[in-house]
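First chain A sits with chain B, and in the next complex the same chain sits with chain C.
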Partner chain A sequence: MSSAPRAHELGVIGCHGCGLVCEHPPDDLTHRHCPRCQAPLHRRRPDSITRTWALLVAALILYIPANLLPVMYTSMFGKVSESTIMVGVIEFWKAGSYGIALVIFIASVAVPCTKFLILGLLLVTAQRRSNWAVRERARLYRLVELVGYWSMLDVLVVAVVAALVKFQKLSDVEPRIGILFFGVVVILTMLSAMSFDPRLTWDTEKE
Partner chain B sequence: MNDSNESTPQPGDPVVATRRWRVSLVWLVPAVAALIGISMMVQTWLSAGPQIRIAFRTATGLEAGKTPVKYKDVTVGSVSAVELSEDGSHVIATVSLAKSAGRLTREDTRFWVVRPRIGVGGISGVDTLLSGAYIGVDAGTSDENSLNFTGLETPPTVIGGTPGKSFVLHTEDLGSLDIGSPVYYRRIQVGRVASYQLDESGESVTLQIFVDAPYDRYVTTDTRFWNASGVDVSLGADGLKLQTESVATIVAGGIAFAAPPYSHAKPAEAGAEFGLAKDYARAIAPPNGPAQYVQLRFEQPLRGLSVGAPVQFSGVDLGNVVSMGVDFDPARHRFPTVVGVVLYPQRLGQALEKLPMAKGETELPTGRFLGELVQHGLRAQARTGNLLTGQLYIALDFIPNAPKATFDASAQPMVLPTVGGSFDRLQEQLAGIVGKIDKLPFEAIGQKLDATLAELDLAAKKVNGEVLPGVTQTMQAASRTLQQAGQTMEQTGKTLEQAQKTFGTAQGMLADDAPLQQNLQQTLRELQRSARSLRTLTDLLGRHPEALLRGRPADPPPDAAASDVLPAPPESRR
Partner chain C sequence: MPVLIVLRTFPDLAVCEHCDSVYRRRTLASGQVARCDRCAAVLYRASSLDIDRWLALTIAAAIVFVIANVYPVVRISLQGLHNEATLWQSAAALAQGAAAPIALPAALSIIVVPFLQIALLGWLLLFARVGHRAPGFAPAMRLLVALRPWSMVEVALLGILVSVIKLSGFVQVLPGAGVWAVAALMVLITIIANRDIHLLWELTEQAPPDEASAR
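Up next, the complex of A and B:
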């Protein structure tokens, strides 16, 4: 595609931390540190694919209990209910609050699922050194990073509601174990996205 | 060389052992996640209890996935599905119980839907108004387990494990009692009716009541139970009676119990059987003993006598009327009233012990004894117990001069001779009097009276013709005499006037301002003064006897003044 030389071809290495370009012979396998910020220097994030895979798999596993276990306990006028994410979405939808139902659905189902899919796609293509739709993959990665901040929406909603709605017997909202799993899932996906090295996408370019 | 060359030790080829797979530590993260996930699943699987199916008549308030199942107010499961039974006659709720609730699957465990209920006995399940219905559970004790149950339509009154005792009551009819009706002790609610059923014979009702601890110890072996249902108004020969336990019982009915006074019986065992009396009086009355049925035949109609009316003997309620009917006497073409009464000789109490008994008799020979009493004049009589309402009661009493009656002690039933009622006797007496009056010869009397009156008339005429002129003369003379007397009276009046004047004069003389009085007072004053002078003289002579001879001594100046006060010279007085 482009004929610009790669860093390892020029015998230099860029620091992840501060961006300082250091000299680094291609066959030197010793660990170096950035002379400026002391960050360890490496051409690609070490074990990027493995780490991403591991974190992604962990997030996937935890996503099951996060959806099966109740995330919120509500007691309103003595009527007690514990709702899981999907039950809540369905209830809101049935009650006519389509907006809220949609927001919750997007934040807690659509976004994590797309993240899993995108990361999985990126990982598989990077592992296979696939040349397919490289630019789009790069764009997808940026999307994942962008969306990552907003994945905690559900957790925040439960935390805020649980703190606000405390009217003794009248109504009470308490978080349940499911929301913890959900929070862990979000963190794991973010970590997974972080440990993925987007430059792996471009490593296939020349071949 | 070659050899040597060949034998030249070659450096061994290092075995390049490439690790087949190098496990990165990162993989610990999904491992831990999987571990947690699996442990959660295992825990859920382990804590899942049995699934049971409960049949209810309706699914009111039941909601799949929501309605909890509570045992002692602890949620032990929830309804996972509600569906119609195959024949559509009832609904079947599938309940997933928690593992800890395994003992709730005993065969005799009871399930019922707790929902708000408003009954005469009170309101229950108010908490479910907002929270929605739930399924209540009472754990059974059976050894058999079951997964299919039939739900109760009403909550059970006694939950298993409640401290207290159950008792069994026998009664003739249920009255206004119902399951859950309160049981009172000294007007405190101490228990409730748990269940009731008709005996197999259909002649009586058996009630199970439950008395809560600690009140259950007040149920002693001789405790009497009575039906405190509603307001007990009885209008009998002894007046209007009103008895009630509490306002709640008026509507809902209830049972009360009490031990007889001064009883020291032991607390009754659980399951002890008692009778349930109709009211307090009957409950607390001493036992009646064996009843004796006796028939009475009254010649007169007995309006005002009702079944249940008392039979009194010497002021004691000896029994009551149990039946009333009409018989036909073909010989006289009359319809006598036949009254069946039940007598309880035991109610005579101490008197019973003193009654003569033949040797070897353990029980009172009522027939023989009654026969003796009848010979001595014992008769039954319908008497008016209440003049206002005309209620009658039967009195057994010794009637003096009663006509002889026969009594068959061996007859079944025994027939006790009767006499007319007190009111009827009064009627009879009145009739007697009327009869006597009827016999009086009113016509003859009238004729005689007529003749007498005619004679009287003649006599009067005679008086008029002969006697009256004489009388007139006499009267005139008398009139004259009276005139004279009048004159005499006038003279007497004058004399009295004079006497009055004389008295007036005398009064005038004696009045305070009369001249006679004035003179008298002056005279007395003069006399007083003379007496004072005389005293002065006596004093002077006492002090100066020589003055008699020499005359008055020369007085000191103050005395001179004094001598002026006494003007009279002593010499002149002598």
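Up next, the complex of A and C:
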């Protein structure tokens, strides 16, 4: 394990706005601001665990309608259909476009589900001040930060297709309510990951 | 009135944002990356761009941004009928029916946020070139940090490509000039905005008398 001291042991805080290291004695409970960029200084993000849980649970609940409700309405030479995200994936797969089916599946199903699992795991272990696999958990958090926003893919696909296919009676594509739920899920999971303070993973000393 | 207390600061130290380990800063050779010994996160990077190049690429990004937004990204034709869509029209196409609110985050993430990133960086770099901090430097820097996760040009590009493949089954699809600009914009935004912008604080260091005397 590393021998580098941690910020609270030295009585300093690294500013989240600009990275400047500022003095902050452990017994100082007043709210200080960074002298360089004026961002508020926090030893840990305030109410990190509660906020992360709240956003995560909200995302999880909305993920159900996001998958059950149609995301797109298509009318093609008089043939009308409404498709959900999974139906879209299956159609690509059946049509032989395995690569595209996989890309959409990863962005719309695998990434959000992995995020739910990872954030849940990080929260539970941080709450228990567990020292299990801390380096790996730190890496998992960075993975969530890195891949999270790719889930917006399906929203943008619906946007482009709906903008293009506008041939009145001949053919028309419109967005449906499912894509709103799905977009909100992506935003909530991003906010959830942002409100989690990765430093909590390393706070393993039992109090 | 809040009492103004000047906190002592330690510009020669670096704190890992991911695990709170404290390190003494070292000068890095070009291309080197300082990683945290405890959690392996990136602490800071050597700057591979000087301010002039950074500004030049930002101006290039601004030009490409305009092209990406003015020209259609995809054109389709079906039985003699043609249609095309720009980025803006794509975001606006979501604004119909019950799903309408999602048009707002879509427009923000593919148009407004990249625009703000380019505009803010251009503003800051223009002044940083001559060693000054632009008016509104601190809020602009904080906004740039906050905007970064919401900039989704690369997702937009993948979205366009997926749409092209999705539609190619039943209509004739042609890439528009905009799609090349979106691809170039993705590369340029990554270079100018996905970097250690904290560097700008150090590159424009002013030593106010009170801070200097507190150390």
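As a convention for this text, the second predicted complex is superposed on the first by the 203 of 207 C-alpha atoms of A that agree within 3 Å, B and C clash if a C-alpha of one lies under 4 Å from a C-alpha of the other, contacts with A are read in each partner's own complex, and residues count from 1 in each chain.
Note that in this section a contact is a pair of C-beta atoms (placed from the backbone, for glycine too) under 8 Å apart; a residue touches a chain by one contact, two chains touch by 3 or more.
The shown structure was predicted, so the numbers you read here are calculated from the model rather than taken from an experiment.
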item	value
Partner chain in contact with A:Y149 - chain B first, chain C second, else both or neither	second
Touching partner for A:I85 - first (chain B), second (chain C), both, neither	neither
If touched residues of chain A are counted for chain B and for chain C, the larger one	C
Touching partner for A:V12 - first (chain B), second (chain C), both, neither	second
Which superposed partner A:V111 touches (first chain B, second chain C, both, neither)	neither
Touching partner for A:L119 - first (chain B), second (chain C), both, neither	neither
Which superposed partner A:L140 touches (first chain B, second chain C, both, neither)	neither
Contacts of A:I49 with chain B and chain C, given as first, second, both or neither	neither
Contacts of A:I64 with chain B and chain C, given as first, second, both or neither	first
Common ground on chain A, meaning residues reached by chain C in one complex and by chain B in the other	184
Contact footprint of chain A on chain B as seen in their complex	24, 26-30, 32-34, 36-37, 40-41, 66, 68, 127, 130-132
Touch list for chain C against partner chain A, complex	5-11, 13-23, 36-41, 44, 73-74, 76, 78-79, 81, 83-85, 89-94, 96-103, 105-106, 109-110, 138, 141-142, 145, 149-150, 152, 155-156, 158-160, 162-163, 165-167, 169-171, 198, 201, 211
Of all residues in chain A, those that touch chain B in their complex	47, 50-51, 54-55, 57-59, 61-62, 64-65, 69, 77-81, 184, 188
Interfacial residue positions of chain A with respect to chain C in the complex	1-8, 10, 12-14, 16-24, 32, 34-39, 76, 92, 95, 97, 100, 103-104, 134-135, 138-139, 141-142, 145, 148-150, 152-153, 155-167, 170-171, 174-180, 183-184, 187, 190, 194, 198-199, 201-202
